[in-house]
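Some structures to go through are shown next.
Here chain A shows up in two complexes: once beside chain B, once beside chain C.
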Partner chain A sequence: MINTGENKELSMSTAIMKNSRKKRLNLSPYLYIGPHLILFGIFFLFPTLYGIYISFTNWDLIGEPEFVGLANYAEILVNKDSTFYDQLRIGLGNTFKFVLFTVPACIIVPLLLAAGLNTKPKGLKFFQALFYMPTLFSVSAVMIVFAMLFSVSFGPINHYLNVDTNWLSTQPYAWFTLVIVTVWWTIGGNMIIYQAALNGISKDLYEAASIDGANSVQKFFKITLPSIRAQILYTVVITTIAQFNVYGQPLMLTKGGPTSSTTVLLMYIQENAFGSGISIAGIGAAMAVILGICIMIVSAIQFFFLRQRD
Partner chain B sequence: MEKKRITKGISLIFLLIMAFIWIVPLLYTILSSFKSEADIQSSAFTILPINWVIGNYQDVLFANTSAPVAKWFMNSLIISVSQTVLVIVLVSLAGYGYSRMKFKGRDAIFIFLMATMMFPAVVNLIPLYKIIDTLGWVNNYMAAIVPGAAGVFNIFLVRQFMQGIPIDFDESARVDGASDFQIFTKLILPLIRPVLTVVALFTFTGSWNDFLWPSIVFNEVEKMPITPGLQLLQGMYALDVAHALTGALIAIVPTFILYLFTQKYFMESLSLSSGVKG
Partner chain C sequence: MKKKVVFMFSILIVFAIVLSGCSSSSSSGSSKNEILYWNPFTGPDGENMKKIVDEYNKTNPEFKIKNVSITADDMYTKIPTVVNSGKGIPDLTIVHAERIKQFVENDLLTTFDEKLADYPEIKAENYVPAGWNIGDIDGSRYSVPLDVHSFVMYYNKDLLEKYAPNALDDNVITFDEIREAGEISRKDGITGIGLTWTRPIFLSIYNQLGGDITSDGETPTLDTPEAKEALELLKGLVDDKISNKDGEDPGQLFKSNKAIFYPEGIWMQNSLNEAEKLNWGITSFAQVSPDKIVNWTSSHQFVMFKDENRSEEKTKGMMDFLDYIRENSLPWAQAGQNPAALATLDNPEFKELPQSFLVQDPKLQESLKIFDYKYNGFVAEEVDKLVGDAMFGKLEIDKGLANAQKAVEDKIANNKK
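So, the complex of A and B:
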């Protein structure tokens, strides 16, 4: 009985499909893109829009958000007596410093490494793997290792330099350590992109330049750099966005110190929304929106500036 | 010719110096994991352990402490593998839809998705937590598995790759009576294996190493993945260097092994993922 019923249903649905073939063809693409679109809507699009909305509300993550207009923005942007005003100024300032200190290094160091590897030295595979490897490690593992390396009392760095520098809790050493760690940890991706790009440059260009009497420095600036401009543009923008989202390194290495000199904005956002005590998610969201706007503006400027140089 | 040799020599010296800087933290970690705490803390730093010990590994993995590293490791493994499988299914379906099917609004939807990549993800952090909380997923694997699968970058990669496959393949299969789904599973899926491998590698590594989000949605120590777990480990073993370093070393093993076995793909994929041709 059940079988025949199923068969009947099956033949009926085939009949419907045959009759309305056009309609079925129109629907089926959505079965392919639909699953992702649903997740995208629930876990990206909706929360992003809602995040902008709650930046205009007073919210503790539990009750209903209460609309307060621009009050959060007024509080963090103009109310000089507010702790949140200080947090934004300090957090955003330190985030910008971090971007400024790390991005040039995260472009230049991997570019030099890629240029070095492009001479096809012995042990190419080993060098490549070694420089790329740290990218595979989580920020928390890397920060534990560097906290120990730079430790005042038992770290090998102080031992071999024969100093007792407080790398993590005095300035400017704290910034220096954060930059070193970040370069060590993150250059692998950019390096591979440059390697692939350098590989693609035609050897004829260099030979022609040699005949014209160009030296290696001239060749680097006149041939190499212009040939890989697209990749440099891409890595500059991507690296900048990544560094604006800095969180783990100062959290674990310097704990934001000494005296909040390395506390970045994401640490304050996290603390305000999810920290101990009552959540002030509205303020946190407003800070996040401001950080987001900064990221968009800076990437847009970089994009147009680097694009239009020709 | 002489000039070329000088350039080569200079670059080799540069690479050796950089290699030294890059290898020291790795060697230090590996060697320290075999040192006793007393040796590490002693003022006379030695490169090699004075007495080789494996007790750090036993303690970190099996001792019944407040830092269950073995449990964290398994949590991470479940999360990362599940997310990778989910992402592979989603992106291959969606990539097929956006690259080989014709429907109304296809390009508009795709362009919209791409445009959202420019929007900074930090803005959705707080509401996303509320959604996870509403779904009852706080301290649940799902919180770490599902939201990460909503991203669009992998769809871009897979679609690009699929567009390189001639559409004639589909046409002739269709003439032979194959349905869309058969074309997708029997014809396209085997052909896009390389790009799916790349997506799988990136997804697994990204998921394994994610830090900020899991440290927000997991607050029970037992339920945590290893990356936020290590942050606790750092606090717990505030002065216990050997255990903290051993924990860090254990946490990097899976992505390291994955890299060793798929090195070729990693290299290709990174230049591919730059999305710009030289």
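So, the complex of A and C:
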């Protein structure tokens, strides 16, 4: 039988109808991702887009936002006489410093701890709990405790070291304190990831290496590290993003001082948008967008290396 | 399969309920016979305010007060959103005095003008002037004060006896006297003065020297010779080791009998009472000269945010509550504050309270200075960054003042653009 165009059209439309009916029936994938999608939309997508919009406006959070185009970006990026230009430069500089100081320690210390725990020492569970515990505390609780520990005249640290170092408001001690506190507070998360990864390495490799006469340092660098490379790079990216968003530690511990040397960008953003004065939300939002772009660029570079090596 | 779908749907519904719950909780308070009352009091202050509200509700008023305490930062962030949305606007709100001008400028407040006619006792004569005057803007009344809380001077009675027995003879402690006492006490390892919250300390001295944070209510004036003098005075105390060292906790020093003088807020009494071996007294903030006394002060004020749906009756209910507060502020005074309503002054129990001297004496009433500049918030942020670094020698005073002045100007400019 010769197929006429008419017939063909008919069969196609039934096929489409069948297809669409099939599609309509198959709702379950959407139901599975639905809750996530809704939360993603409400708490991530909408605020992000709205924040970007605010960065193009002049707004005090009360009246109507007034569209000013790129004026806010010009103010913070180009106008060298402006306070906000200085704020962005100082804030971003301090944020980068913080990332640079903390990320290596936040990778190496948990890795060493995980390697130690992987030898299954006595009291394994106890130590595991001990190292993981700080991660569960809120930032304010941790900072209050450390402010007391590092207090100049009444703190146990100065008492036992028998010095009267001003750990919180002179440099370079302020940075040192911030890094120590942050590492102590965040050890747990990365350590758990490394422990899981180390558990997955085949014992055969270590046995073979022992037979060949490798010592433990060689084993660590030739077997352990290469085997968990993917997890290390993953934690590097995640930790970097987390440290870029630093806020609570300098706010509570050093109050951004001395002389703004530990004031990170998020503190300026907060002050401009929700400070004790009238809100300058546009400038704050523009700074936040720039911080976001910085994080994206740094993460992209890291992801690039992650892909290269695998 | 069907079960799964039902399960997923129920999860979605739970989510929907949770999410809608967040938004409805704020609007539910404004029900018919209730006055939704927001205040920034938490901790012991919050407890005392709750007590007052409970007592009032026991008198069985037509409109009961629904007390909602929110931390100050959260409250100030929420207010614009809530007033703009028109839903769940609090009927009555306590805000800090320094914020009122901003709110009026943004057209967020309703005046009390017409309502006051029925409440003749809510008038200037019955309140501490510093607290009352702030609510009058261009001839309209936008707020009624709850209290006037000041930053004053605590002293250690035993140490004062030992190192500066004559300092309080004229009821005024001068910086010269602090210096003298500190120079002697230093040898015994006793600190002269513990410097805590630098903003009110600096502003008090600045104002004593004749400076103010604005020249005309519009222009900020931070970079002035008086400001420089004030910072140099503070730096001198640090340099000559009259004050605590950088990083040393002045509160701990004072509580452990290791500092003679300790400027702090009158609201800090409870924390000093916890230190058992401490024998403290309280007087006006330290002065440069006894001729002009300045006590940095702020005030909590009742305001009404604009709400088209608020009925006449409800407003009347609120005024009843304000009138009740005017006569029954003693519990608030017991929390360490000074009520703004003078009715409490006659109460013998109030006269016993250590901080009451500030409002008992009409001369000291005049010393209460509220820095009610429209851009007070911008100034506060910059002063906070400036003073500590300047007095501990980490920041050059001239440069610091110039930067602070510039920063406030830039913030104002970008706000107006």
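Brief remarks on what is shown
By definition in this document, the second predicted complex is superposed on the first by the 265 of 310 C-alpha atoms of A that agree within 3 Å, B and C clash if a C-alpha of one lies under 4 Å from a C-alpha of the other, contacts with A are read in each partner's own complex, and residues count from 1 in each chain.
Simple rule for what comes next: contacts are C-beta pairs under 8 Å (C-beta built on N, C-alpha and C of every residue); 3 or more make two chains touch, one makes a residue touch a chain.
Please read all numbers here as calculations on a predicted model, not as lab measurements.
In the three-chain model built by superposing on chain A, chain B clashes with chain C. Ranking chain B and chain C by residues of chain A touched puts B first. In the superposition on chain A, contact is made by A:Ser28 with both chain B and chain C.
Using the contact criterion defined above for the overlaid structures, shared-chain residue A:Met252 touches chain B, although it does not reach chain C.
By the document's definition of touching, of the two partners only chain C reaches A:Asn166; chain B does not.
Judged by the touch definition given at the top, the superposed model places A:Phe84 against chain C, while chain B stays out of reach.
Of the two partner chains placed by superposition, A:Pro226 touches none, neither chain B nor chain C. Once the two complexes are overlaid on the shared chain, A:Ser140 sits against chain B while remaining clear of chain C. Applying the stated contact rule after C-alpha superposition, one finds that A:Pro104 touches neither chain B nor chain C. In the superposed model, A:Ile280 lies in contact with chain C only, and not with chain B. Residues 28, 31-32, 35, 39, 42, 61, 151, 153-154, 274 of chain A lie at the contact with chain B in one complex and at the contact with chain C in the other.
For chain B in complex with chain A, the touching residues are 3, 7-8, 11-12, 14-15, 18-19, 21-26, 28-29, 32, 40-43, 45, 89-91, 93-94, 96-98, 101-104, 106, 109, 113, 116, 118-131, 133, 146-147, 149-152, 155, 180, 184, 205, 208-212, 216, 226-231, 233-234, 241, 244-245, 247-249, 251-252, 255-256, 258-259, 263, 266-267, 270-271, 274-278. Residues of chain C touching chain A in their complex: 1, 4-5, 8-9, 11-12, 15, 19, 73, 76-77, 80-81, 83-84, 102, 106, 108, 245-249, 252-253, 375-378, 380-381, 385, 388-389, 392, 394-395, 406-407, 410-411, 414-415, 417.
Chain A meets chain B in the complex at residues 26, 28-33, 35-37, 39-40, 42-48, 50-52, 54, 61, 109, 112-113, 115-117, 119, 121-122, 126-134, 136-149, 151, 153-154, 156, 159-160, 184, 189, 192-193, 195-197, 199-201, 216, 227-228, 230-231, 233-235, 241, 244-245, 247-248, 251-252, 266, 269-270, 273-274, 281, 284-285, 288-289, 291-292, 295-296, 299.
Within the complex formed with chain C, the chain A residues making contact are 27-28, 31-32, 34-35, 38-39, 42, 58, 60-63, 68, 71, 75, 82-84, 151-154, 164, 166-170, 256-260, 271-272, 274-280, 282-283.
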